[in-house]
Amino acid sequence: MIRGFAEKTIACLSWALALSLCLSVTVLLSYLLIKGLPSLGTELVFGKADPLNVLLGRERVFDGIFPAAVGTLSLVFLSTLIALPLGICSGIYLSEYATPGMKKAVGGLFDVLAGIPSIVVGLYGFSVSIFLHHHFSERLGPCLLISALSLGVLVLPYIVRSSQSALEELPAHIRCTATALGATRLQNLVYVLLPNALSGIGSGVILAIGRCAEDTAVILLTGVVATAGLPSSLFAQYEALPFYIYYISNQYTNPAELSNGYGACLVLLGICSVLFMVARGMQKRLFHWALYSR
Amino acid sequence: MMVSKDVFAESVFLCCAISSAIIILAILGFMVALGIPLFQEIPLSDILNGPWAPHHGAYGIRAMIFGTFLIAFLATLICLPLSLGMSFVISSLGGRRSRRLLGAIVRFMTGIPTVIYGFVGIFLLVPLIREGFGGPGMGVLTASIVLAILISPTMILFFTDSLLAVNAAYVQAAKALGATRVQRLLYVMLPGALSGMASGFILALGRAVGDTLIALMLAGNAVRTPQGLLEPARTLTAHIALVKAADFDSMAFRSIFACGITLYLFTILATIMVRVMTRERIAIS
Amino acid sequence: MPKQKKEKIILDRVDFFYGRRQVLCGIKAAFYSNTLTAITGPSGQGKSTLLGLLNGMWNEVPNTHCSGDIQILLGGQWISPLRKEISLSHLRRKVAMIFQEPNPLPMSIGRNMAFPLKLSGIRDKRLVEEKVRTALEQAFLWEEVKDRLEDSALNLSGGQKQRLCIARALILEPEILLCDEPTSSLDAKAARIIEALLVSLKNHCTLLVVSHYLDQVRRIGDRVMILENEGLTNGAGLSA
């Protein structure tokens, strides 16, 4: 019964491989926790400066991750602001108004965008800043705004895809209800379709936010630096958590800095995990119930 | 009044869709425009095939192309058995609780930032490789291993979805005929899932090709064609990240646009392949 | 002359719960060798559930619970499909099942037929061909497909697909054949062929046929049982 033996081997092998993958992830996380937990605290975030003073703007933080955290948050906020309207409207157009030919063509372009390496998107942002630098003003260069624009482009496919599929997956009878009562296309969209598709769209937004928070390649080319303090303006350079981690791994000079690096990893992991779980919760329509149970 | 509101809304949506499309095409456009001086001065074959020696006027990215595809293919090859095993267990071989737990672990992995994989890789894996295999520690093998773990959730989720999408009636038929779980998996689910799994493979490969940080942090970044798995290498993505600090107008600098174009073209190729395969699957069913 | 009636399947005080809902209550019944028992009753009362208990289809489904005793005489021995230790694959080779929707696998007719043999490890080509032919003849399908065993099974008509599924179930020579509404998805003419086929199979195995067509039940059943209000009672109107 060679066949029976082969089948059993495949089953055992599959389990072994699955468990070894789980093991490596567990090792990774435990290592991080062991090395990083000791350094979690206000000193990690604010360094030697007084937390209250920092929050009131009176003191600068030099050896904490506060500026990087603020930089990341500003980045996420700005890029979502840029990508959200553009993405949702494109998704609405593709699912509700586009001809099949257009769906294929534009959908194909978005597939390409989704597959483009993030560093290429960063290169694009960098090229744009060079262009502006040469043709408009010497003071323009890689900065917070350019990074936000590039990140917006990077996460655009997530938002477009999730909006498009959330709307397309709505059952047929929901579409007919309002129109049978005399609603126009726009009214149907705004009052019926969008509220019902909200959880799907929302989860795409959250995933996009997570992507902005963790991305390093784009910001490497578009304005992130190791020490810039809090972002002073949209056209200034800034710090960010992922870059801080990368910088520490390369250039740490003493164990305290390395320990900060581990702590920063935990903070970033914590932020991304929370965002991820929120996205899952949205997918399971928990938020939908919250919106509707008035 | 209502009618013009409708028309207005539609045009707004259309504009958004078109602007997005234009942005995507502009990416390629900008890179070509900025890379043109390089292509004008140096023949294409030299760029693609020549060595990298900026002080001697050689701007070939061959070593980087080789590095990218070596690391990416090796990572995908390491990832393949891991993903097959995991997807087999999640879709069929595991009990209800193990399926849920493993599925949750895989989905959680998609949320782990890349830089963290790199960071742990530097301080945990590199010393291990150095002690176990010799060499500098940072090289093709280290980067491929970590990259394999990074891209595995993509492959696993694709494989699992394809396996579970096989028509339930077929699985039920096999079950009633006395097929064990493994037999159902191998003889009914797997054949039906192959084209979906192929798409997953290509997408994971695409992710491996496009990743910057793992190669940047773990592959050593030496600009040579690696002769062995323990030697350092540089990928196209890492090259872009490293060279951007060079002088704005130098040819060395412009070579990163050549890298960018190569990566962009590869992405288009991979996207087309996946689309063709999914269309085939829809045609068959 | 009264036939020698040997018991083949015995159910004693069987209860079945799906979650907290009780689907079967105190089922007591005996089924005899080489007979065709038709089971009918109002829909949703658990006829398919009852069949599924006999070939272990519920063993892997979570949130279900079955109590009581089921004994089946297979290969001269009494075994119970409810016990955890029995091998489900072996059980299902001897207790075969046909479904309401014919479900041929997406392969050629020949490979569909050979599939159960492959699962049991029977690979000798000549033996396989022989068994395939025998089973297709028993299922009244051989003449129609003998020249096109390479064709896809999905291209057959509904009635042919169901006969293929029956043939495929017969190839391992089961002792019991469970049929869950075997003709519900077929037109009247195809249904008649299946009915004749099922009756002819009494020589080879014991049949339990679930159906909600009263006239069919009267036509084919040696005995009719009605499943209602969760119990199983003998129905009137036995055919000779």
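Which chain is which? They are A, B and C, in the order written, and residues in each are numbered from 1.
Note that a residue touches a chain if its C-beta (ideal position, glycine included) is under 8 Å from a C-beta of that chain, and two chains touch if they have at least 3 such contacts.
Note that the coordinates shown come from a computational prediction; the quantities given were computed from them, not determined experimentally.
Undergrad: Hey, which chain is the most central one here, using CA centres?
TA: Centroid comparison flags B as closest.
Undergrad: For this structure, which two chains share the highest number of contact pairs?
TA: A-B
Undergrad: Centroid from C-alpha atoms only, then distance chain B to chain C, rounded to Å. What do you get?
TA: Result: the chain centres lie 49 Å from each other.
Undergrad: Nearest whole angstrom, what separates the Cα centre of chain A from the Cα centre of chain B?
TA: Chain A and chain B have C-alpha centres separated by 18 Å.
Undergrad: Need the CA-centroid distance for the pair chain A / chain C, whole Å please.
TA: Averaging C-alpha atoms per chain gives centres 54 Å apart.
Undergrad: Residues of chain C that touch two or more other chains: which are they?
TA: Correct list: 118.
Undergrad: Pull out every residue in chain B that's touching 2 or more other chains.
TA: 180, 183
Undergrad: State the interface residues of chain B toward chain C in the complex, per the touch definition above.
TA: Residues 96, 167, 169-170, 172-180, 183, 187-188, 192 of chain B touch chain C in their complex.
Undergrad: State the interface residues of chain C toward chain B in the complex, per the touch definition above.
TA: Answer in residue numbers: 55, 57, 62, 88-93, 96-97, 99, 101, 103-106, 115-116, 118-120, 165, 168-169, 172.
Undergrad: Taking the touch rule as given, give the residues of chain A at its contact with chain B in the complex, in rising order.
TA: Residue list for chain A touching chain B: 7-8, 10-11, 13-18, 20-22, 24-25, 27-28, 31-32, 35, 85-87, 89-90, 92-94, 96-98, 102, 106, 108-113, 115-124, 126-128, 130-131, 153, 156, 160, 184-187, 189, 210, 213-214, 216-217, 220-221, 242, 245-246, 249-250, 261-262, 265, 268-269, 272-273, 275-276, 280.
Undergrad: Give every residue of chain B touching chain A within the complex, in rising order.
TA: 2-3, 5-6, 9-10, 12-17, 19-21, 23-27, 30-31, 33-34, 81-82, 84-86, 88-90, 93, 102, 105, 107-120, 122-124, 149, 152, 180-183, 186, 203, 206, 209-213, 216-217, 237, 240-241, 244, 248, 256-257, 260, 263-264, 267-268, 270-271, 274-275
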